[in-house]
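Shared between the two complexes below is chain A, which has chain B as its partner in the first and chain C in the second.
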Partner chain A sequence: MLADRAQRSRPAVNWGRFLRSFGTLIGFLLIVVFFWSQRPATFMSVRNLLNITQQVSILGIVAFTMTVVMVVGDFDLSVGTMASLSGIIVGLMLQNDHALGTAILVALLAGAAGGILNGVLIAYVGILPFVATLATLTVFSGAASSLSGGRTIFGQVFPDGLVDFANGGIPLLTLNEQVVRIPHLTLIALIVLAVVWFVLEQTVFGRRLYAIGGNMEASRLAGVRVRFLRLLTFVITGLGASLAGVVLTSQLATANPTLGDGLMLNAIAAVFLGMTMSQEGEPRVLGTLVGVLLIGVLANGFTQVGVDTYVQRILTGVIIIASVTLSSISRRRS
Partner chain B sequence: MQSENLLHIQRASKTYSGVPALLDVDLELRAGEVHALMGENGAGKSTLIKILAGVTPPDSAEIHVRGERVHIASPQAAFDHGLRFIHQELHAVPQLSAAENIFLGHDYPTALGVKVRWRRLYDMARETLGRLGITHIDPRTTMAHLSPGDQMLVNIAHAFVGDDFTRAGERALIYVMDEPTAALTGAESAQLFDVIGRLRARGSAVLYVSHRMDEIFQIADRVTVLRDGQLAGTRDRASVTPAEIILLMTGRELTQLFPPRMGQIGAEVVLDVQGVTTAAVNGISFTVKAGEIVGVTGLAGSGMGALLRALIGADRRAAGRVMLDGVPLKRGSPAHAWDRQVAYVPEERRSQGLVLSHSVSNNITLPQLKRLSRAGALLAHGRERATTRELSESVRLKARGPRQIVRDLSGGNQQKVVFARALARPPKLLLLGEPTRGVDIGAKLDIYRLIRQISAQGTAIVLASTDLPELIGMTDRILILRAGRLADVVPSAGETPERLLSRCYGDAAYAG
Partner chain C sequence: MLRRSLIIAVLLFAVVFGGAAAQDAPTIAVVTPYLAQPGTQFMVEAFQAAAAEKGWNVSVIDTAGDVPAVNARIQDVVTQGVDAIVINVDPSQAPALAEAVEAGIPVFGMDAGSAPEVLVNVTSNGYEMAAVTATYVVDRLNGAGRVVMFGFNPYPPVQKRGVIAEAIFGNTPDIEVIEFIEPDVTDGGIADSRARMEAILAANPEPGSISAVWAAWDQPALGALQAIEAAGREGEGIVITGIDANPQALEAICAGGNFEASIAQDFTGIGGLVAEQIERYLAGETLTQAVVYAPTTLITAANAACPAQ
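Take a look at the complex of A and B:
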């Protein structure tokens, strides 16, 4: 009789939980299958899939590090303009005959410094993340424009080695007498993914971040250094943003004061998509990975099917809303 | 006297992921009775109440109100059938005012159905509070700025909206109260009992949950005991003893609730507090020696919780000094205090103690994560699980395992998690804020034994509590706070709860 009761109550519970955890993933697979059926020859080819990973790698770097601030319950709107600023820094330093290594280092330091600025404003001064990073978004954008004089830097400034590296890859296999390569950018994004995953899931630091995200006051009273850790999360996103800026500039051999601006919205969307997949609704970096891939597959697939870019944006937005809605409905039910 | 049956629930059952929380429970409430519902933590009391309230859908239950079969599918349905609830956990909106929280879910008074008449709302809130004898809460105060006790009073007032029980001739409602006094001071509890007395006289039925045996014997007419989700028995209060109830609840006999001290008080001063002043306390000085247990008590707003917060460094100290083993504790840094082996149990477990969405294990290990890690940085899951197991056992935690989410534990078991956590590393100084709030009587004894053991190892302990028998039974000295100041210090031996309460009020008869 007891077992009987247990069974009656079980399916209802698990169905909601199932939808909540795997809804986005299933949606992602359906979208893949859809494009596959539309473009059987090209979409599912190894080359195209690797191509997609390269296309999303820069978004991935930003979104993976964005996950870290969002674990704490904050977010960072300034990542896009920070990426632009870092690209400009690299371009300008190369233009002035500095070594490539120095240029990259200075760009990354700028990212860290921007992160410290955000972190101090938010964790120590107590300004809301939305307001603080909206302000620094403008500051970084202004800095990029004024440093570059509003001009685009391109051409000879960027050494061939750098550009080739950013567009190249490691040979994987030969298919139909053509070499298939794993793009270097994909590898860089994977390294960032691995580092963020390790930090969030396997370290004391990561566990404390999740605790702060769950209950900031209780964490503080239990001895977690809340302010300092919040500051560090912004340094991590700042670094991620500037790395993305450096990579983007290298890939395009161009530095432009607004080059990276569009990254911010997609990065936040990717983290949100990922959050729909986790049990308690917290950001998990593997969830973010699915979010990033989903956005990348949509862009790639729509282009192949021939949907124009403006309509693409609308459809992408609709799919994100649908996914987040579905998961919040199933969450409310249980 | 044969009185009318107001409420009858039969064959109530509820299962959570295959584990029964409630199994075929029957309960009837008669008009004009106060019916106590007792049982260990996790016995299923709140589950039964949530079924009556339309909050939790049961697997099965047959409910009759005034002899009529009803289905309670929503809180609104419960309300319409004349049931009123004070739930164990606050369901308040912290950003709203006390008045808005009192009238949450009711219609606000409006002009032309659009503009809220705020002044009228505040007046109505003041009137509702006043009926319960509560005059010290300003209904305009934001909920988050009220003390946990005052928040509970607002929660209680919410249940009394629109029922003027002081007038005759109104429909007698059914009141269900899930540990309403857990966060109240003695004086406030007394006021609530006065209200309960008037409800009973009017012919209402009151279902009352509490772990405080003295309250049960003060106000209840009958007692129903649940054990592991099943009915253990219903007794008339007049023909039962506390020992019998405990036996029904736990299956074991408890001889003595407060175990005697195990070691001697040492000579060295561990905690030296000099002139500590924050927004809520003023110029407090005292010392605690190794192995000594010092109690702190007072009325609502006296600053007893705030004193602990000042010691752990949660509130900024404007003046004063806190020395641990002769070395000052930094201001404003709980992390520093934990590093110096100070452990802290905050008085409000849900907002200040727990990360509700995390597992039992994550909550228990949080303050000591670094020490349990590898190389100070990498999580060591095995070690965490072992520590969790050991501490859970020592407090008799009723949980499915270290990975159960804390939100799904019963209230008393959540409290045990907060207490267990303070013992993960033997502390030099243990700050306890209401450590047994909502904990059942058997588990209380376990906690008291643990406190004695730690104390015997030379830990200095500060125990802030509104449970006066607990203070008298466990401490060596009691500090009495009034309006943020240290008003009185008395030795615990020979003190009675009544005397202590009047000292809290500052009655001249006992002072000095």
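Take a look at the complex of A and C:
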């Protein structure tokens, strides 16, 4: 019996190691191939793929910076409402004839300030991240509603140049008489991705964050300034959220007190999906990128194939569960 | 076991998508963030029913309140190459509509608002609704009395209503508009309207000094009703009218008190009219009327669907 189990467990270990690293990626590719086969003419077109990158760019900005707090083992529920609040700040400042640059700067400062508030509550006061950011989620949402009077700001307030930029791109090539462009939003998201990747993977700061995530107490005893670094991670996430809000508002030429609220859950889901791809199960920003793309590809592909929207949501959840389950089973087996 | 579950997952996919094979019939995408709202539901269901009769493929995409996602989904259906797109969202919040125009896909509005990108928008006529309720007030007062108006000029669709009602009252020599109030709408419009009405009641204490309250939508009418009842002045015959015929307003109308009339938009009719417009477009007709209005109905205790007493 024991021998039998030992015999059977050998291939399982190999499978496990393989699935642990590549399961999510393979699943992602299978999904891409599936949509490709269903909609051969449109899904794999350059234009559609670039569309997908534009569609996920705002989620990407939030998820990439969310990865930083999650490296430490914390998370931030307030990113969605912070994005909404930043959008409202930009809208209101433009409405009151402030310069665009000033408006964006103030919105980003608000994001940093919100991050400091989260960081102080969690790293210094010692409130659990779930509770602290749940509370600030409500505070930011209330601030967005009260600043705007609950109203949607739209129309001429937003300069055409800004809206055109957010919806435009750099011409790449001409296909079938249509100009294919790399969306500016995609580029912004790629810049954020590059910065976060550099910070996490190439700096002492990043290695310390992973050390804290591995063992907070040991890091503290080793002389790492755990509290300060934890606070900084929330500032990064707050900045990412407010940048996402600014970009979202520019793209839609609309500031609404709930515009960005939907970003939070998808951002956390993307990081979790990405975590399934790393050996130790810790968040890696390139993994988050795959998570973000997976969420974007599912929404885009399901819509093109014509799956009922409610079924779409069920399937998206099932796929996330499947991915995380496969990874945790394979990790346990090894 | 893992391999087996992968196979099962692939099979599941095949079952789910097996029925979604492409056909020759026109494909219409309906995109909205508001499917949870009753009005939108009526419109979409009516549209689906009409489309089913015509043999169209309709996919309804509901982003569950997520307005940014509407933009992404419009991009997707443009890429997919649908034959027409129906939106139920403010077109100014969906810059991707420009891509539909670029791709030669017509966009139809289902109570969506007008924009250059929208070929035809089907909606209710705000001017007409205000005219009907203001006329109701004038008729009920036999052309003479003191009227309180509730409007909201910062919001264009409501401002339209106020301007028409003012014209009708102004054109009736013995009607005097004693106040035009813009309530604070951040609380939903009822609470502040009530407070403002209480102040007006206090300033006009003699019975009969206020003959009617005309409100540009139902919430201020409900607030005014609460104020009148709280002041114990419901017996003075003050006539209240609203617009929209929301469930709370219907309840008040059915109760037979001061709140006498409101206007119901014909959401089912709007859905049907959108389908009709698309059919004409697909038949090669050039559509010149950018906005098509669905008829509305004055709701009073006589025709409201009141629960049996």
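Observations on the structure shown:
Here, the second predicted complex is superposed on the first by the 321 of 334 C-alpha atoms of A that agree within 3 Å, B and C clash if a C-alpha of one lies under 4 Å from a C-alpha of the other, contacts with A are read in each partner's own complex, and residues count from 1 in each chain.
What we mean here is this: a contact is a pair of C-beta atoms (placed from the backbone, for glycine too) under 8 Å apart; a residue touches a chain by one contact, two chains touch by 3 or more.
Computed from a predicted model, the values in this text were never measured in an experiment.
In the superposition on chain A, A:E280 contacts chain B only, with no contact to chain C.
Contacts of A:A253 after superposition on the shared chain: chain C is touched, whereas chain B is not. In the superposition on chain A, A:R207 makes contact with chain B only, while chain C stays out of contact range. In the superposed model, A:N51 lies in contact with chain C only, and not with chain B.
Legend: residue contacts after superposition of the two complexes on their common chain; A:R225 is shown touching chain B, with no touch to chain C.
Contacts of A:L294 after superposition: neither chain B nor chain C is touched. Contacts of A:E217 after superposition on the shared chain: chain B is touched, whereas chain C is not. By the document's definition of touching, neither partner reaches A:I320: not chain B, not chain C.
Put chain B and chain C next to each other and count what each touches on chain A; the higher total goes to C. Contact with chain C, but none with chain B, is seen for A:V307 once the two complexes are overlaid on the shared chain.
Common to the chain B and chain C contact sets on chain A is no residue at all.
Listed in rising order, the residues of chain C touching chain A in the complex are 2, 5, 9-10, 13, 16-17, 20, 27, 57, 59-69, 71-73, 75-77, 79-81, 90, 92-96, 98, 102, 154, 185-186.
For chain A in complex with chain B, the touching residues are 2, 5-6, 8-10, 13, 202-208, 210-211, 214-215, 217-225, 280, 282. Those residues of chain B whose C-beta lies close enough to touch chain A in the complex are 13, 15, 17-18, 20, 23, 59-60, 312, 314, 333-335, 337-339, 344, 346, 351-358, 362, 366-367, 369-370, 373, 376-379, 405, 421. Residue ranges of chain A in contact with chain C, taken from their complex: 15, 19, 30, 34, 38-39, 41-43, 45, 47-48, 51, 54-55, 58, 145, 149-151, 154-155, 163, 167, 178, 248, 251-254, 256, 258-260, 262, 299-300, 303-311, 313, 315, 322, 326, 329-330.
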